[in-house]
Amino acid sequence: MSFEPVIAVFMCNWCSYRGADLAGTSRMKYAPNVRPIRVKCSGRVEPTFIVQALQAGADGVLVLGCHPGDCHYTDGNYKAMRRMALLTRMLEQLGIEKERVSLDWVSASEGSRFVSIVNDMTARIRKLGPLAKES
Amino acid sequence: MAEYEGVMIFGEVREGKLAAVTTELLGCGRNLADALGQELYCLLVGNDMTSLAGEAIAYGADRVYVVDTPPMKDYDTDLYLSVSEKVARQVMPRIVLFGQTAIGRDLGPCLAFRLGTAISTDCVELAIEPGSKLLLQTKPVYGDNARATFTCESYPQMATVRARVMSSPERDGSREGQIINVEASLDPPAVRTKVIKRVVEESTGIKLEDANVVVCGGRGIGSAEGFKKLEKLAEILKGAVGASRPPCDNGWVPNNLLVGLTGKIIAPDLYIAVALSGSSQHMTGCSGARNIVAINKDPEANIFKGATLGVVGDWEELLPVLTNKIEELMAGRKRDR
Amino acid sequence: METSAHPVTPLKEVADIINEAGGEILKLCYQCGTCTAVCPWNRVRDFIVRRIMHRGQLGLIDFEGEDIWLCATCNSCVKRCPRGVEIVDVMRALRRVVTEMGIARIPDSLRLTIKNISATGNPLGEAPDKRADWAKDLDVKPYSEGTEILYFPCCIPEYDTSVRRMARAAVNILKKAGVDFGIPGSRVNCCGESVRKAGDEKVFERLARSNISVFAEMGVKKVVTSSPHCYHTFKNEYPGLGGDFEAIHLSQYLLELIRENRLNFTREINKKVAYHDPCYLGRYNDIYEEPRQVLESIPGLELVELPDCRENSLCCGGGGGRIWMETKSGERFSDMRVEQALAAGADVLAVACPYCMLNFDDSVTTMDKGNFIEIRSISELVSQAI
Amino acid sequence: MTAVRMIVCCKQVPDPEAPPESFRIDPERNRIVLTPGVSAVIDPYAERALEAALRVKDAQGGKITVLSLGTNLLPDVVRKPLSMGADELILLDDEAFAGGDSWSTAYALSMAIKKIGDYDLIFCGRQASDWDAGQVGPGIAEMLGLPLVTTARKITAGNGKATVDKITDDGYEVVEVSLPALITVSNEVGEPRYPTIKGIMGARKKEPVIWKPDDIGAESSRIGAAGCRTKMVKLFQPVHEGKCEIIEGNSPDEAIANLVTKLREARIV
Amino acid sequence: MIVARDYVFMCSEPGQEIIGKDIRDLGLNRVVVAACSPIMHESTFRSTCQKAGLNPYLIEIANIREQCSWVTENKQMATEKAKALLNAAVKRVYYHQPLETRKIPFNPNTLIVGGGIAGIRAALEIADSGHKVYLVERSPSIGGHMMQLDKTFPTLDCSACILTPRMTEAGSHPHIELMSYSEVEEVSGYIGNFKIRIRKKARYVNGDRCNGCGLCQEKCPSKVDSDFEAGMGKRKAIYTPFPQAVPNIPVIDADHCTYFLKGSCRLCEEVCEANAIDFGQEDEIIEVEAGSIILATGYGVFDPAPIRQYGYKRLDNVITSLEFERLVNSAGPTGGNIVLKDGSAPRSVAVIHCVGSRDRNYHDYCSRVCCMYALKYAHLIKEKTGAEVYQYYIDMRCFGKGCEEFYERIAGEGVSFIRGKVSEVTDRSLNDEEKGRLVVVAEDTLLGSVIRVPVDMVILCVAMEPQQDAEAVARLFKISRSADGFFLERHPKLDPVATNSEGIFIAGCCQSPKDIPDTVAQSSAAAARILSLISKGAVEIEADIASIDDKLCSGCGVCGSLCPYSATSLDEEKKVYKVNEALCKGCGTCVAACPVSAITGRHFTTEQIMAEIEGLLI
């Protein structure tokens, strides 16, 4: 059997979580590999959450927020973006491929976009293979 | 196998005369017999054809086996098979040849199987291999994309021969030979087929795709009247008229005469292309022709690329001359017979 | 089918097969008829594209009829479809059903052409080892590793003497510009575009994969094509099958050469030239400007526009395998196009596609307009002026 | 009217419509080499034989068993008769059958037909488009002792006999033949039908029966290459002169005279 | 864990009762519900807990419907995922703390943006109940698109006649502060306490002095295409868009005013007896406060020029529907005469539906009103000119009250209906009949043939589209837009009036294309929602906000610099930062950024999230 990754998805309460809900109410189908975590804003996602997720067994982490400019809290998603840059360096130090973590935008009306992002991510991580866990 | 000796050809009768293919077979059989240093036999089956045995001798047969009886008037597989089997077993020829005709392609294989030997059909070349003295039977295969030469080590060695590939010998009325009448001992239960009706279909104009000769005109013909001249030549050659696209488009000829990739794809023996340039579309339709003769005033025309023989010049001058010459030739040929 | 008096039951199976063959997008069609009304066929005869879409939705396609073979894949309808239905793909799917399942006759000429391409790698069924014969006397080398550019003339100019001139002119230009290039040899196949449009996906894939591996083996990085069909296929369809090289159409490349001052125009062409946008360059790939700019850079040349131009260009009728099929006199788009060019007062109808060239040449001949207008490829015109 | 039990012999051949340039000969091994793009098809004459059988079935009802002998039979190809309306497909598919000639083929087929047993009519193509021999039909008839009608273009069957329009050199004959009988079918029978989608769906559900030499009780010395009575000594491609000979002449008359002479010399006219 | 239960409709009354009973009977101190999305029913279950005496924040929801069972094809995988989700919720709920919500006062003033029929209607509803409304309109007068329309379907009553009384009412209402020629520049705050900055553009006319005599407009030498007349007529550089304008105070269009362009003229100033012209006027920034906001910004009109084959702007007598509205209006530039560019009356007219609507290349959606107004045009054309009318439609959509009946009536008037989308409007003629006319080419899909109809006038029924600045407006008010670009409602069925931003409502065509009755209904609904908020007098604010542990805070100020609401500030005395709970919205940015982890984001604490992560990735 081929490798099936586990992907933790942090979603902001206002846009992306609702976008994911819309995918559900529209009965779209997507990879079952994702594990959703609701936060109020993508700006709340700390790098340690992501590292924790990777350590706890996730092969990839997706952070989804509102589109730039559309943040419910004005600019939380920009802050998430800046934190992402920081995180990338951290991952390098930890020897984790930076492709395993991705930040993207999904609005409340973009159920199908959510689906395609999730599916793409799953495919990408599937290609990368399982994350070598520190023993 | 010393007991198998001589070359036997199966003779066919058309309109009270020896069929053209039979004289061709006699010519070819003669050569084979000479190569073997053996005799040439002709088997004639039919009714009321006493004079023809002599004809067969005049064309080269040494011995003629004649089965002349009313029930044999017309061809019937079972009847003919039983008498030819009888003759073959009796005479034990080394080689048996048929024309590749309706009869030949029916009777030939049946007889071969009945005699427990093999046959090559539709041969275009026959020869005796000098060493083994076996019959080399060459026939086109894969739509004439290739030719194959066969031999067969069982006897008699049999083949059917395509019409018009062998030449008829000159008739020599002074030749002498032996005529042997064979009793047809008919076995009625063996006849399981019955011909109810025979229909001769008048071939009013030969269909383009079936014609052995096609005279094809292009845009240079210029008019429907022009095509009349092509028709005349086609008629003399017992062929059909074709056209490239412009004449069809212009309504000089009906659309079903279109030769080309998008029209009829034909493979006649002779294809005479008159005043047509020979676009690749058109060439695809006629490239199967064995011989292409092109008449065009433009020496650069594409048609010359695919042609075997070409004449550069104005078709209106050349065609009437050609038609006359061919007419003379054909008339002469008729007189020869 | 059209006149069946008894009730016809929609055939879900057929609809499913069409879907499988790649026509699933046709479900979106809401029957507005835009496709019919923009289809050039309807200038010469009825061809109700919309009805085919609806029949396809219900599975009531008439596979025996000629309708499914008419589409010249000019893409006019697709460009305008309000529902984004890829009508050309639907047509392709219908043809696939016929070619793959063998449930109806493929028009003879098309069938033979597909077999030719399949068996010999070119539509004329000519010997593969004669592919480079067109350039025998031109002192051109076959492509070898390390050469910058593969000039890909398309099978038609390579094998059909009547349009050979467009490829020979291109060679002349490339040589004069000092371009390091080579031409395809016997291992290269037809790009497969028309086979694919004719519905033979398998043959297309085989040709494509073969070309891709031959190109890869020879280290081809950049291909300049004469034909928009080859260009489109290399650029948009080969990558999906593993093709990894750059494709550029000759007209684009000529403009590059002109901009880099590698072509020196020494002669004037004092003629009115109308440029005909080929479907596969224009509507498929949005290349409208480069060919015009190349023509405009020729000294003395006056460019005139035809009434149906750019994204509304009138198809020559040669796409989608139509080049291999008979089009009745009076129904040929190329005749209309030549009329348009004549009406526009053009001395030359400039083309950028071998199919267009074949069709227009043919139209000029059958319409007997050879004394009034010339059909010239852009490469010929440039070659003449340098 | 009783249902007619029919057997149709169908051969898989390289597509005869493939262009000549796709044919090459391997002179070493005396074999035809085709480019990979040449597909295999049911021999067009055999397809017409099947069509003739289907028409009998349409008219009188009946059962059609298709019999195919060969090696490397392609499922998609040999299944076609099923989708056209045949009821059953039997394949004689074994390496032992390879390299046969008309004799060994007719033998193997006749053994298979014996095994099938119940039949009224056997159909073959008048010849096959590859070797154009036209012997297998007569051969089977001889081996099974059946009456034979060759080159048929129309067949009606029933009441223990068949009425056949048989093509002759100058027209046709209407022949009555007692059943069982073997008929070879000519192309004049007309275009074979196309499979219907329903037919294709139905055919997908039918599995062909595969018989090996032992299944039909065939002697190994009489099948395949071992059973050949002919030997191919040479296979070659006729040389087509690529060059066109331009006939010259000082006048049109002379040019044409030269042309006609050439034509005559070459025995073209 | 004490108890696990399975029930089909947990959110139903009996379902909730099960939870309540267990809390009471078993003394539960945490509850996990594995059901639908928390967006749907978190508040339901919170109140269930509250009723049963448990703090509402001690519940956690595992979303195993929208984000699990509905989206997963493989049943086994779905079950695995559901297990993980449930496990996470259980792990997380352990760290939940009881939290208290608090109430803050609600400002009863309302801001309404957009003075079309939607804004006017809502403003009147609210103002009539005695509450203050700020009605902000971008153009010089309220009235919106409805003012431009001639007749309204299906009743055919005069649009202006029914609208102007409402405009006047709004203009003079004691509780409505009308701010025309004004635009919102900045919005801050939150439900109950919005602060809005409004730019009042310079009119160069003193509204207090102007008596609306109109002399200035008469004398002004500079003529400009009138937006109101959809380019079919002209106005002056000093103008009111139309005679019934509210307020009836002209504005000077500085871009076209001779004085502003060339430095001299001032004719208007000369003729104004009231001395109302004030070239020195400048834009004014006004700040207002409001508890709630209604966006009624309306729609834009699709420009059909990119559909080149229809010839708009290239061919004379190809006009848009809005242009036709002005052409046919008796107050319009032709006095209501339907005429061609050359002044003659058309003999036949083609009306093309769905121009820019239901078209992937432009807008996917149906604009909903075109079929009906197209029928109205047929009637008006027939009535006024007797010309032949051809309706080119794809589907006739006549679903409103009285609309199907209207369709029937118009059909009876002898209009030709051609089912097919027009492929081309051309002036290239094929015969004498077509010469000099417009030829409409389409497949009549019912006939199954392509037909060419020569006509004199072509009316393009253009799509309604989001206002050009819809994106900027959505950003300004922090609301979302749907895929089509219109403002997104909170729920497509159950809450079409609210947005995802508390306290901000939408009404009319800024939400989606709709006709006048639907617009008015939605406006009234928005007004009702606001009145209910006002009547509560206070707004509950979420408890899940930030708090700073002053023992840990180093006073670095990172939180203050990051907070979009400036909700943290330095306690000068303790030298630590503190949270202003009325301002904090709980986004958690500061929590994530605090270098010494002194800030806790309540209900989304690091422990809670960590526990959830761990639980998810079993």
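Think of it as A, B, C, D and E in the order they're written, each chain with its own count starting at 1.
One rule holds for everything that comes next: a contact is a pair of C-beta atoms (placed from the backbone, for glycine too) under 8 Å apart; a residue touches a chain by one contact, two chains touch by 3 or more.
Note that the structure is predicted; figures quoted are calculated from it, not measured.
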So which chains count as neighbours of both chain A and chain E?
-> none
Outermost chain relative to chain B, judged by CA means, is E
Of all chain pairs, which one counts the most C-beta contacts?
-> B-D
Core chain by centroid distance, with centroids computed from Cα atoms only = C
Find the geometric centre of each of chain C and chain D from their Cα atoms only, then give the gap between the two centres in Å, rounded to an integer.
-> 39
Could you state the distance in Å from the CA-based centre of chain B to that of chain C?
-> 45
Could you please state the distance in Å, as a whole number, between where the Cα atoms of chain A are centred and where those of chain B are centred?
-> 82
Where the centres are mean C-alpha positions, what is the separation of chain B from chain E, in Å?
-> 89
Residues of chain B that touch two or more other chains: which are they?
-> 305
Pairs of chains satisfying the touch condition | A-E, B-C, B-D, C-D, C-E
Residue numbers on chain C that touch chain D, as the complex places them | 11, 13-14, 17, 64, 101-105, 111-112, 115-121, 125-128, 203, 206
Going by the contact rule at the top, pick out the chain C residues touching chain B in the complex.
-> 108-109, 112-113, 124-125, 159-162, 324-326, 328-329, 362, 365-366
In the complex, chain B touches chain C at residues 219, 245-246, 248-250, 255, 258, 261-263, 265, 279-280, 284, 302, 305
Could you please specify the touching residues of chain C with respect to chain E in the complex?
-> 30-34, 36-38, 42, 46, 48, 50-51, 80-84, 307, 312
List of chain D residues in touch with chain B within their complex = 14, 16, 20, 23, 25, 32, 101-103, 106, 126-127, 129-135, 137-139, 141-143, 147-151, 163, 167-178, 181, 229-238, 241, 244-247, 249, 252-253, 255-257, 259-260, 262-264, 266-269
